[in-house]
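In the two assemblies presented below, subunit A is common to both, partnered first by subunit B and then by subunit C.
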Partner chain A sequence: MAPTACFNCKEARAVIIRPKNRHKLCRACFINIFETEVHETIIGTNLFFPGERVAIGASGGKDSTVLAAVLKTLNERYNYGLDLCLLSIDEGIRGYRDDSLETVKRNAVQYEMPLDILGYSELYGWTMDQVVEQVGKKGNCTYCGVFRRQALDRGAARLGIKHVVTGHNADDVAETVMMNLLRGDLPRLSRGTSIVTSSDASDIKRSKPLKYAYEKEIVLYAHHRQLDYFTTECIYSPEAFRGSARTLIKDLEKIRPSSILDIVKSGEDMAALVPVEVRGAGKSKQLAEEESAGGCGSQNGRTSGGEMAAMEAQLAENEEAESLETEIKLHNGSRVKANRGPTGKAVKAQTIKHCERCNYISSQRICKACTLLDGLNRNRPKTAIEVGVGMEDEESSSTLMRQMERAQLSAT
Partner chain B sequence: MTDTPNAGQGEFPIPITVEFTGGLELLFENERKHKVVLPARLEDGSRPNISYLLKYLVDNLMKDQRIDMFIMEDNVRPGILVLINDADWELEGEEAYELQQGDNIVFVSTLHGG
Partner chain C sequence: MPAKELNKICMECKDAEFELTVRKRQLCRRFIAHKVQSRLSVYRAFGLDGPKHQLLLPVSLGVSSSVLMHILNSDRQNRLSNGRPLGYDFKILVIEPSTIAATGVPFDKNFEALQKNLPMHDITRIPFHSIFDYVPEVKEILQEYAGSKFIDDSAQSNEQRLAAFRASIATPTSRTDVDSVLLTRLVVEFAKKSGCESVMWGDSDSRLAAKALAGVAKGRGASLTWQVSDGMSPWGVRFEYPLRDLFKAELLQYESVCAELSDIVIPDQPPSENVLTKNLSIDELMLRYVQNQGAKYPGVMANVARTANKLNPSTSGSAPTCALCASLLGNVKGNSGVTVANQAEDNHSSQFCYGCMRSRPEELC
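Now for the complex of A and B:
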């Protein structure tokens, strides 16, 4: 096939077809346009202010590596005046996170950014290796996600930084829209599409500058700029990406590439229709804690639903009746407009508290991380049996099996 | 370089480089770059194309059992990018592209996190 000329410069050989508009671009034009679009997103949403200190949540993976590279480029090109640094969380997974942290350390040198690494062991007294030893491989992503969410905030707070950017891309956002649509979760639907998530109660702002960037283009950008990023599968959920929402998104992209941004757009438009009182409702409760599900790029779509559902059910049991009530009213309110007055009041009445244990923002007396830690600590010496109660039979039995296997091993 | 039985009159086998990145290398013994030599002609007289290469890779190179993480419905799994000499394979005719000597074929997974 004869080489195709670049749509933009009409000269160089096109090497890329853009998913969003099918434009064929050469390497140089693609890199330039990709960066310019992120710049436009940043300017259009007033994402930063001059002199702002910004921590990039860095995992060493493609998304956060591209984010760091693009932000460094744009910061210099357009004089944002940002003080950028890398913030990494060490979950304590041997053979997985050690390698990716090495990548982040190289990135820190390559991008001349200071790097701070905060470990789960330091924060919670548990590494993920230890958590998995306790609860088994199923459902451990929930622990990891809840812990990571707080860890980034705490890391930022420790550095005195009030803005954390993450590498969430358009595919992630589209996936979140689909998930929340399927769950009928309006409050989260309205927040998930927003570029900035911040809570009145927390002074740490979160944003995702790559929310309009296709995962495909992020990977190609990394490829064509030969960025140093780390890829492996987490050893505790090696097939996590087989999740159905993710597969759906990728299948749709194959059929019609613009689908992904169309879903993001639909999500934004639907979000605008969500009544303000509903939108705010889950805010205090979910913002701080539940968006953690997006831990590993987008864990919520990549894990097979069962284990997440089981864990959520268990967590829900621990929640106060008050919030349960709010939740139900909230659904009524969003469906029956006539009820909005009293409903709105009830929703607003929910106040943001701080966890009694760790002082992290939470709508509950005890935040989710501390609830999980409770379960872990309670079972530290003899393990599993109680943890298994709230979960699927299959899960508890497999955990038990593991315990028995270990017991046998140590007996011999 | 040895002649393969399938090579036609005076036609040479086709040496190419195949690369797996973005996490796909995990399915190929954590080896990113592979040298592969394809026959100049297949049994039916046609030239080897990407479809043939996929089958060849699964049959000859891939020891991992999780074939569906690479191939789905006889084609590359959605979410895996294919670059032919650094260009998106869509610009080159996708699976119908006939391989040339010295071609560099890259398979990049977008499905893996980090």
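Now for the complex of A and C:
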């Protein structure tokens, strides 16, 4: 069979079938189109300003490596005038992180960017291996996710940088949309798709320039540019809702490749339709710690089912309680509204505060990381009730504060 | 023995014998009927002061819509025989199943049974291709939508023309998607022509969950506010989903205790086991997903439709809408995403919305 010519330049031999739309492209056109699309996303959303210092959250994996490579290329090609650097978090997962950090160190040399590595043990007094030893493999992603988000912000603050970019791709965003729909989580549905997540109370802006880039294309891009990245999956499993959403999205992609982007589009539209009173901390604002936990890009679909079963039990309980309620009719007209409104669930309004322990931004008195640390330090896993657990016990969670002080001291 | 008899009493009304087990509770059929009727009380109120509110009930002769019809009819008969006001009246529309699915089973007997069962009712039966009569402009819209490769032969019958158009769509996902768009338009146009202000869709909770997930997956998230939620459709006819609190399994139970429904309902075809995922339509994938997951987590699946029902309808007012499905063109107000801009090659026609563009015959994927 004669080789197919590139769909774009019509000259060179096509070597790639684009996962997004099945166009057959040559290597150069694919790389160019991929970069141009990221550039269009950046321009279309006014993501950066000239002279901005930007930290790239680098894990050594494909997403962040491609992000670093593309940003470096675009920064030079289009004169963004960005001051880029790499910021890595060492979760302390032996056999997973050790090697990938080596990759990041090589990337720093290859891309001529300064690198800063911040460890969980340094920050929290616990490595992920120690956490898993304590809580078991179920639910450990919550710890990792919460810890990592804070760690990136703290790392950026340490470097005096106000903008952190992460390698979240279109698959991750689509997964989050589906997951929040399955969880019935409207506040997160209203925020999960926005490219920039920041809040008035925090200095650090977060963004995901690869939001519209397919995971498969990121892999292809890394392959064809021969980027040096570390291929491995996190050895711990994702939580059930994310796992279920992930399996669903993989199936959808087989049926209609565009569906990942279509879900992102639906998610963006639905975010704008979430009633204002349910959105939480203001329009398109987000508490960094609230960003969907567990989205570490691990690609395995294993699920424990625990979270879904717990939610099922909760919903069944609600329904039983509802069936015991007596309906009171005020006047006939009000019934339609009653049917449309939230089903008896009080809407939680979120206000931005600072954690009383570590001063990190939080919607609660005590931030999620400190609450989780409380549980860990008390030699037992996280409790199901997130608010107000053990707040009186000031002693147990001073670890984070101590570690933070140490981190700040060493930075100065 | 009295104790034994007590065990057979409906846990809800404490009066009739129980017939169904709904969410671990033993209940009589009135419970299910009540769940539906409570959603209709607003129409009852409307009709008290003025003319009766006219509802259109599209019946596919499947389980869910047939059960809805049975409940509405029982309610009507009860009220009439007790001399109580009804407030609303409903018309029944059957779009001939054999003109929708190629493998459609004969339904004439089912339709006759339906007429026999509801002799006093206004029941209309129309074929799918009558969309060309009810919505004349649809011919031009479809020609534009299908693109240059599709040639509409006006010498052919409506039936042949619709078949040719449907055959030009390559994938099961797009075919199912466009079919449901066209069926909705036909129902809406029939409703308008017959003076109905609202359409009562017979979607069960499970089906609504699948519709919500599939809608999102097809880029139609913005349309969930009328495709899954109760509310005003873009055509000025209200859409209601009175079965939204009931699982498919519960409707099946109801059907099984109503002898008169057995001749009317065309049983569901069991899903074929040997289909590769990539050959399913997205709608079918989601139905299967909701069924499988619903067996284990029924509440979680039910919650999906409830979540979608909480979204606010778009307030874009006079913004341009899709010529085919009437969804919004471009982004919902407040959405600054650039998905559409990134898909520049798809944007050569601004007449159709994002979701419809994905299902076009010329679209490869």
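Following the convention adopted for this analysis, the second predicted complex is superposed on the first by the 307 of 412 C-alpha atoms of A that agree within 3 Å, B and C clash if a C-alpha of one lies under 4 Å from a C-alpha of the other, contacts with A are read in each partner's own complex, and residues count from 1 in each chain.
Basically, a residue touches a chain if its C-beta (ideal position, glycine included) is under 8 Å from a C-beta of that chain, and two chains touch if they have at least 3 such contacts.
Nothing here was measured: the structure is a model prediction, and the numbers come from that model.
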- So which one touches more of the residues on subunit A, subunit B or subunit C? C
- Have a look at where A:265 lands relative to subunit B and subunit C in the superposition and call it first, second, both or neither. second
- Message: Let me test your reading of the model: by the given contact rule, A:36 touches which partner, first (subunit B), second (subunit C), both or neither?
- Response: neither
- So, A:359: does it touch subunit B (first), subunit C (second), both, or neither? neither
- Query: Looking at the overlay, what does A:246 touch: subunit B (first), subunit C (second), both, or neither?
  - Reply: first
- Message: For A:254, using the defined touch cut-off, is the partner it touches subunit B, subunit C, both, or neither? Pick first, second, both or neither.
- Response: both
- Task: Could you tell me if A:274 is touching subunit B, subunit C, both of them or neither one (first, second, both, neither)?
- Result: second
- Task: Determine where on subunit A the residues touched by subunit B overlap those touched by subunit C, and list them.
- Result: 251, 254
- So in the complex, which bits of subunit B are touching subunit A? 21-23, 25-26, 66, 69, 78-79, 81, 83, 86-88, 90-93, 97, 106, 108-114
- Spell out the residues on subunit A that touch subunit C in their complex, using ranges where they run on. 21-22, 37, 40-41, 44-45, 177-178, 181-182, 184-186, 189, 193, 195, 212, 244, 248, 251-252, 254-259, 261-275, 278, 283, 305, 308-309, 311-312, 314-316, 319, 323, 327, 332-333, 335-336, 339-343
- Message: For a test of understanding, state which residues of subunit A touch subunit B in their complex under the given definition.
- Response: 1, 4, 13-17, 24, 27, 59-65, 100, 103, 171, 215-216, 218-220, 223-224, 229-234, 239-241, 246-247, 250-251, 253-254, 296-297, 302
- Touching residues on subunit C, where the partner in the complex is subunit A: 23, 25, 38-39, 41-42, 45, 171, 173, 212-213, 215-222, 224-225, 229-231, 277-278, 280-282, 285, 289, 293, 296-300, 302-304, 306-314, 331-343, 354-355, 358, 364-365
